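What follows is a structure written as structure tokens; I'll ask about it next.
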């Protein structure tokens, strides 16, 4: 085992709050709405800059999202920010009706999603959010992979006249965006070209997919890596091309596999059926840190690489028939 | 056009309440918990029989599910019954934590699901529930197709030591269960054998899949029809066999296609990739009756048959290459 | 078969009386109290007449809760709200949100009476692709500020728009109508707490206190009493009023914002199905659909009311 | 990196004091008031000592809200609850639900003191696959009646189990502890309304009134006052008590069910971080993790308390 070079890891909440402060300076309509989550959303700096523009409704998520919709009706551009688990599970009908069905211009910011809360346990994990929210018509669902993408997604959502959900990670992630990257809603980003198999990853674990591609290269498998920052609407074209051109797909997410995995599967079977493996969370987690849990569920360099190898092997066997 | 023979249609709520009354007689622990939904759940007869065993918390779905969990802790077997849209969207975190994560023995009964509320509009439609609930670990999700299956599912859930969600339809449905049918959790039912393509349907629209198979037979396509009453855990074996043996699958549901369609897609890509079409709801509905809306979204004899023909045609084209 | 069959009679749409109905407009400037009340009474009568025809023709609706709230809606739209079709683009316009969205037909009819929607369009109520579906949708009708239907959504939204008005020093007032059964939803108490603590004097919560909910009396389901005490403990300025008295309602609405600086909660004593003899205070009429005969009888009673 | 880094000091687990800790057991039968209180005080001191060591070693926990609730937990488990390891299978046992599940470490330590879990297992707190994860899970520990963590769940569940007891004419009483910030959740008001209307005298809601929530004082976030008025208007028998006074708590809990036939709501005045000088009433200590030095200083203060 060679020691990996030290990679700087960032908490995407820093990029989120810095972007929000910039937006706040440019646009008076920007407000934050929180559920006693100023600190956990890292909004203290925003609150210092704009003390009147933080609406803290206390521990009341239904009210929080409803108030957000009302602020939008009242001419504001609300960023409703809370731990992803509570925001989505507790205010699901408000997200469906007040945000999505009503097509209000409001941004829902799911903080510390996936298993970021680690040892705090499944009640605090937000592993269902991607599957849940992609099943709400009219809601754009974005999962940024690093600080660059986080800032750009926040900026894009601020001017998009419709409801958006953004997952903001606290787990340290390395930069994965190419130089000069510009986030485009609904568009996948090719991080690495390849022809044997495609790894489609989203959010915090894009870097793990890149690591897996390195591991696969070592054994002669040439993996394409796509970052899929938008889960809904999903980039069907990029998925179809990946299926056609590489003949197999592994999805990778810090969420139940009905999230990104489900979304990609639905495109693949309808456009160009190829073998897939869905790497992600498969159950309520045991106690453990987020890193331990990701490894536990196989959302790891080795787990992803093994899934890709299975696909390639099954294809080879099939070809030998 | 020949006139279809008159078919008797049933409101599955009658089977639900009759089964519950029988269970109530056998087992003192059975109680119903409702949100001002005695009438809409057709529970009046149960309430007449057991006036003390209906807990009506009023219009308060979070409390309703929490109280249900508490009743389970207190030794009761609660059937928590409310319109599916409110039960699932409004009490999502209670379903996740109090029912599923806690593995309480309780039954969640989603009444009038899908687009049964027709013209009352998307706020009252429960098209997301299957996608949402199948993404909750540890929760069994059942969608009965007719009165027989409804009664058997209710009976099974009453003795299953864990949380179960059952969708109970009010839209009139014909009988589709074979004589002597016995519901088995997690098991698909072959309603019609066939070798060219498989239609996998669930709930209210199983009969539409059967109609479509008739239509396909007329043009020489031999369609297998599976009723898939359990969405989670899904019957991976039946799906894999269908894929292997018929080479193509159409899913059919009165729900967003991320429900049954997503669940089947995820199995297909991982076990045996074949072309699929996902027939179901794809957006918030315009105003209209449930029948009009089902046709609008192509969840109709013609829409399903067309989807199956597309698959068969694409395969023939591929074969001709 | 989308509602209990026994609640839906066989109706021949063409036989349902279909009164001509036109824009009625606001109480004229400078009207005396008496003139204003007469205007509102007349309007309410016409709105009720059109409403029952719509519901009967559609075979769907919530006539009981529509008749209990119509006097409130008419007083707001034709008298009290600083809001009219010409003000829809004005950020400072007053806002109105019908949280008990199941009374949509009453709202649509009132909006037509106030000139927001074409009275002819009322005939499309519940028809395929109509903008008038069973619950009001903001994406379909520009005068609808919030999509409602699931109970317990309107009040938090109203708190948000009131809060935005306060942040902007706007003259905007926000009125929201909830059902009484609806107050069993915890989301409302979250919102009331927020409104009270933010001292949103520009907010007025009107509770349609008809004492019935869908399946039974409120007190037999999960009682709200002592309601005024609850509201006061959550920071509201509480006013009680006869919810069918246009003159009294006008005064109450004119007092918003309250001198105390608190949000106003109006407990409007109403009756479901008011004033129809066979519907009033009768839980069966929550969403029962009137037959042709019942429509005629109701229209007859309305004419003589 | 699962909590704010500035809240988590570098801790060398092996240097955190790790006191021996054993089952303490209930107040002996026939103990005088003084003896009982002495027993509970001693137990609470030991529970606090073990708790802070666990949190520091794990690098995670909610020490502020744990220290505010420990006297309540200890009084319940070692004195007031009709519940012990031997009663776990008894349907009529009293139920206890910690709705503010973030104080899990305090619950685990108390459960160990009461003999429900092996004191040695406390060392696994937050470790991979431990049954002691950050919030109590009923599937992992048989003494845990309800899985909690998301606020606003415990009280509706408590209402359900109390209701079941009432239906069965059981002697069971149900106690539930909520935070004060937690009462901003509407689900609690739904449950209180249900409890009040069903006159669940066998239910006791204890509010850990430490006046702080996660990020700020409750009154600066969304104030609860007048809290007693709110609770009374929702049908509760309201009792106020010093939540760190074991003697007073014993009496309050002994009065359940209340003579009035109403559910009891206990407003337990507490302090977050009590009684540690540098933690008390300090919002920073909601989920800050103590350093080795702070653990030692706290243990020292506890010894002299």
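The chains carry the letters A, B, C and D, assigned in the order they are written, with residues numbered from 1 in each.
In this text, a contact is a pair of C-beta atoms (placed from the backbone, for glycine too) under 8 Å apart; a residue touches a chain by one contact, two chains touch by 3 or more.
Owing to the predicted nature of the structure, the values given are computational and were not obtained by experimental measurement.
Touching chain B and chain D together: A, C. For chain B, the chain whose average C-alpha position is most distant is D.
If each chain is reduced to the centroid of its CA atoms, chain A and chain B end up 30 Å from each other.
Computed from the mean C-alpha positions, the centre of chain B lies at a distance of 36 Å from the centre of chain C. Our note on geometry: chain A versus chain C, Cα centroid distance of 41 Å, whole angstroms. Touching of two or more other chains is recorded for residues 137, 147-150, 152, 184-187, 190, 193-194, 222 of chain C. Shown for chain A are the residues that touch two or more other chains, namely 57-58, 60, 62-63, 85-86, 89-90, 93, 97, 101, 122-123. If you sketch which chains touch which, every chain touches every other chain without exception. By the touch criterion stated above, chain D contacts chain C in their complex at residues 184-190, 193-194, 197, 222-224, 226, 229-230, 232-234.
Partner chain A is touched in their complex by these residues of chain B: 85-86, 88-90, 92-93, 96-97, 100-101, 122-123, 128, 131-132, 134-138, 249, 256-259, 261-263, 265-266, 268-270, 273-278, 282-284. Residues of chain C touching chain A in their complex: 91, 95, 137-139, 145-150, 152-153, 155-165, 167-168, 172, 186-187, 190-191, 193-194.
Residue ranges on chain D touching chain A, taken from their complex, read 1-2, 4, 58, 60, 101, 126-135, 137, 147-152, 181-182, 184-186, 213-216, 218, 221-222. Residues 31, 52-53, 55, 57-58, 60, 62-63, 65-76, 78, 93-94, 97-98, 101-103 of chain B are the ones that touch chain D when the two sit in their complex.
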